[in-house]
Amino acid sequence: MSSAFSGPILEFRGVSFNYPGEKRIVEDLSFSVGNGEFIGLLGANGSGKSTILKLASGMLHPAAGGITLWDKPLSGYRNKDRAKLLSYFPQHLDVNVPFTVREIVGMGLYPYDIPPQMTVDEALELVGLADKAEVPVTNLSGGERRRVFIAMTLIQGAGLLLLDEPLANLDIKYQIEFLRLLRRLKETKGMSVIMALHDINIALQFGKVMLIKSGSILGAGSPETVLTGVRIEQAFDVAVEIKKSDRGNAYIVHEQW
Amino acid sequence: MNKLLIVIFVLFAMTCPPANAGPESSPGRIVSLAPSMTEVLYALGLGDNIVGVTTFCDHPEEAKKKPKIGGMSNPSLEAIVSSRPDLVVMTTDGNPREVEERLRSLKIRTYVFKARMLHELPGGIRELGAAVGARARADALARDVETGLARSGAQGAGKPKKKVLFIVWPEPLIVAGPGTAIHDAITLLGMENSAARAKTAYPRYSIEEIIREAPEVLYIGKGSGMDMIAVSQGILKKLAAVPAVRNGEVCYVGDGLYRLGPRVIKGIEELAECVH
Amino acid sequence: MRSLRYWMFGAVTAAIFCLALFAGPRTINPFEMNGMERDILFSIRLPRVVVALLMGMALGASGAVLQGVLRNPLADPYILGISSGASLAAALGLLSGFYFFGSVSVPLAAFIGATLVSLLVGVFGWKRGGLWPERLLLAGIGLNFLFSAVLMLLMSLSSDEGLRRAVLWMFGDLSMADWTLIPSASVFVVAGLGIALWRSRALNALILGDEFAHSLGFAVQRERLLMFAAMALMTSASVSLGGTIGFIGLLMPHIVRFLLGADSRVLIPASAVAGGAFLCLADLVGRSLMPPLELPSGTVTALIGAPYFLYLLRRKDVLSI
């Protein structure tokens, strides 16, 4: 599915979007995502990150411009076919119904008439929840719940994962755990990931970032080139200093309060 | 050939009973679906034939001991069928139409008493009498009712129309409006029902309206075993401005007129007594 | 373990069905029936039990569907105002003496009332190309208040007898149940149930949220519309059969979820079966407690259902809240 493909798997061309009768949230946006990339979509709250992800997932339709997925127009896909290629994670995982872990992961099979390669148990192994298969999801912690849905995505076979602020509300330990899981899956399964976030320090550790402000891209590329003091101030309206730790990791120091 | 057909047709017509009439002989087992019907049936001497009554059938005393088949709006079909009735007697005033249809679909002979106004009562009794094979007694009862009605009507003739009001329940205030036997009786006695302009039979009436109507006589019905004298003190205080209360023209009467049955004559007499 | 539960579930409901047919208020021995008892069984008891089954099934399934569509564990078909709309229509029919269609007049009025309200709720809940759970809920609550108020107005203006009959209708009256309405009502109940079962996987996905449902490849608005239509069909058929009987739609899905899990593919049919059994039981109790007086089934379901519901709330593990 994903390994042989050489072109961009997702491409936005001059995409604009607004809700009917409201002002533009996204204006003339163009970018592309290559195979196997792990991109951080960084921006302040309300900068349009969620909207961009929803446009990419097909939940919202552009007012202008076009989106292609694996070189085919996104709107041209049948729902089920698109589901086998792309999956979208909302910010809030709000399930108050006691589905078991197995039942939720099993929903990843819904787009398929013939079951795909991976089984539910394999997916659970990969995310480390094999021993909790029969537990109702309502009894799990926030971090564990996220992993359940990741497992669901694995079965879905989605080559592109769109995650809307998955790290919000997680303690730092679980944020790191989650990011490590994603990287492991990317390396073993060849998934591509676009993740929206607003924590600048974490973004600095990504391989590639896109900095967003008011629905436009301030810059896309490696953090060294994109996340400069000037740009960050533009995006977040805060003056920062970029420092490097002894081990060579970049981090920011913001203005004194 | 034609003659034969005519004979056959006539025989056929004679043996097919029309819906509401019946054979001349008394049906052995009767179920009554209304207290008024129970009273009429007893008055026709058919008390022993009754095998099922409603939970509201309390006149005469013996009726209370009869097996119960449910309420008026919701009688139990099973109970009715289990009593194996030859005839079920019901009214249009209190029994739902669906019951009649249901009973007919179960092939149970049903008589529907259609009289609702006071002056229709004698005719209704006679018809019922014909259906249950008690013509003679029905005629006698009907004549009693007619005589009573005529007497009361004569009493009221030529007098100035007094304004009266019949209170069925004090709080909330419920009075007798048009379409009730009570209203008919009031009119018969040459009086005017202060609640005549109401839209329904037993409306919840506005106290203000009553004070404006200024009835000269107030009847308070004693029914349902409550101590009405005590219960009505509150409403009488509220109606203190009304001529009836000011002049002490408040009468407590029985529930004879609550049902269109044999006791209506007594009910009318009670109303008449108070005014003199 | 789960299959044992399924068997027990089925056995209990079958037992209740038999009880309802042969027990109270007078027991009928199926092997030694005389002519009159056979009459009672086939003309009175059997249609009554079938009506109770149909209504209970419709309400149980509707509750399961609605709790999923609205993502709200307190949802019940009547929360959207369908019961007050149907009651208003039925009361109008009863009080005006509407008899144009014979004995089917009032049920027909109730059905039309229920369907119209469902449409209204859908219209008010519609925005930007789809039905939204929050809007549906608010629209339903608003319409509920409106129709209840009109109904109360109507009832305060009506005569004693009409009032009594309207109230009895609303409490759920199965006493006059006969075979007339069963064929047409069955069509609606089966159709609604069929649609709900056909789209039960979509309902599972909808419960996860619109985003996940979309992500899994479902056309979210279309699925919601289908489910809503299925629920409206079933509920309308139910109120036309025997009035507004409450609690079944609310309670059955919770009990079934506790016993058999939350998967809609099991929840919907099992809630239907549980609802049917529960109503049969309630009807049996209602007509056997103080014979020959028959307590309206709606009061019995509420009297059994409400305390049980409150007990479940205290137990913490049963209700999915």
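A, B and C label the chains in the order they appear, each numbered from 1.
The rule we apply is simple: contacts are C-beta pairs under 8 Å (C-beta built on N, C-alpha and C of every residue); 3 or more make two chains touch, one makes a residue touch a chain.
Computed from a prediction, not measured in an experiment: that's the story for all the values here.
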item: Other chains in touch with both subunit A and subunit B; value: C
item: Farthest chain (mean CA position) relative to subunit A; value: B
item: Centre-most chain, if every chain is reduced to its averaged C-alpha atoms; value: C
item: Whole-Å separation of chain centres (CA-atom averages), subunit A against subunit B; value: 79
item: Subunit A and subunit C, separation of their C-alpha mean positions in angstrom; value: 43
item: Whole-Å separation of chain centres (CA-atom averages), subunit B against subunit C; value: 39
item: Subunit B residues within the subunit C interface of the complex; value: 55, 68-71, 73-79, 81-82, 84, 93-94, 96-99, 101-102, 105-106, 199-202, 204
item: Subunit B-touching residues of subunit C, taken from the complex the two chains share; value: 25-26, 36, 39-40, 43-45, 99, 102-103, 156-161, 164-165, 168, 173, 175-176, 178, 287, 291-294, 296
item: Touch list for subunit C against partner subunit A, complex; value: 68, 71, 73, 128, 201, 204-205, 207-212, 214-219, 257, 261-263, 320-321
item: Residues on subunit A engaged by subunit C in the complex (per definition of touch); value: 19-20, 54, 57-59, 79-84, 86-90, 92-100, 103-104, 107-108, 110-111, 136, 138, 149, 156
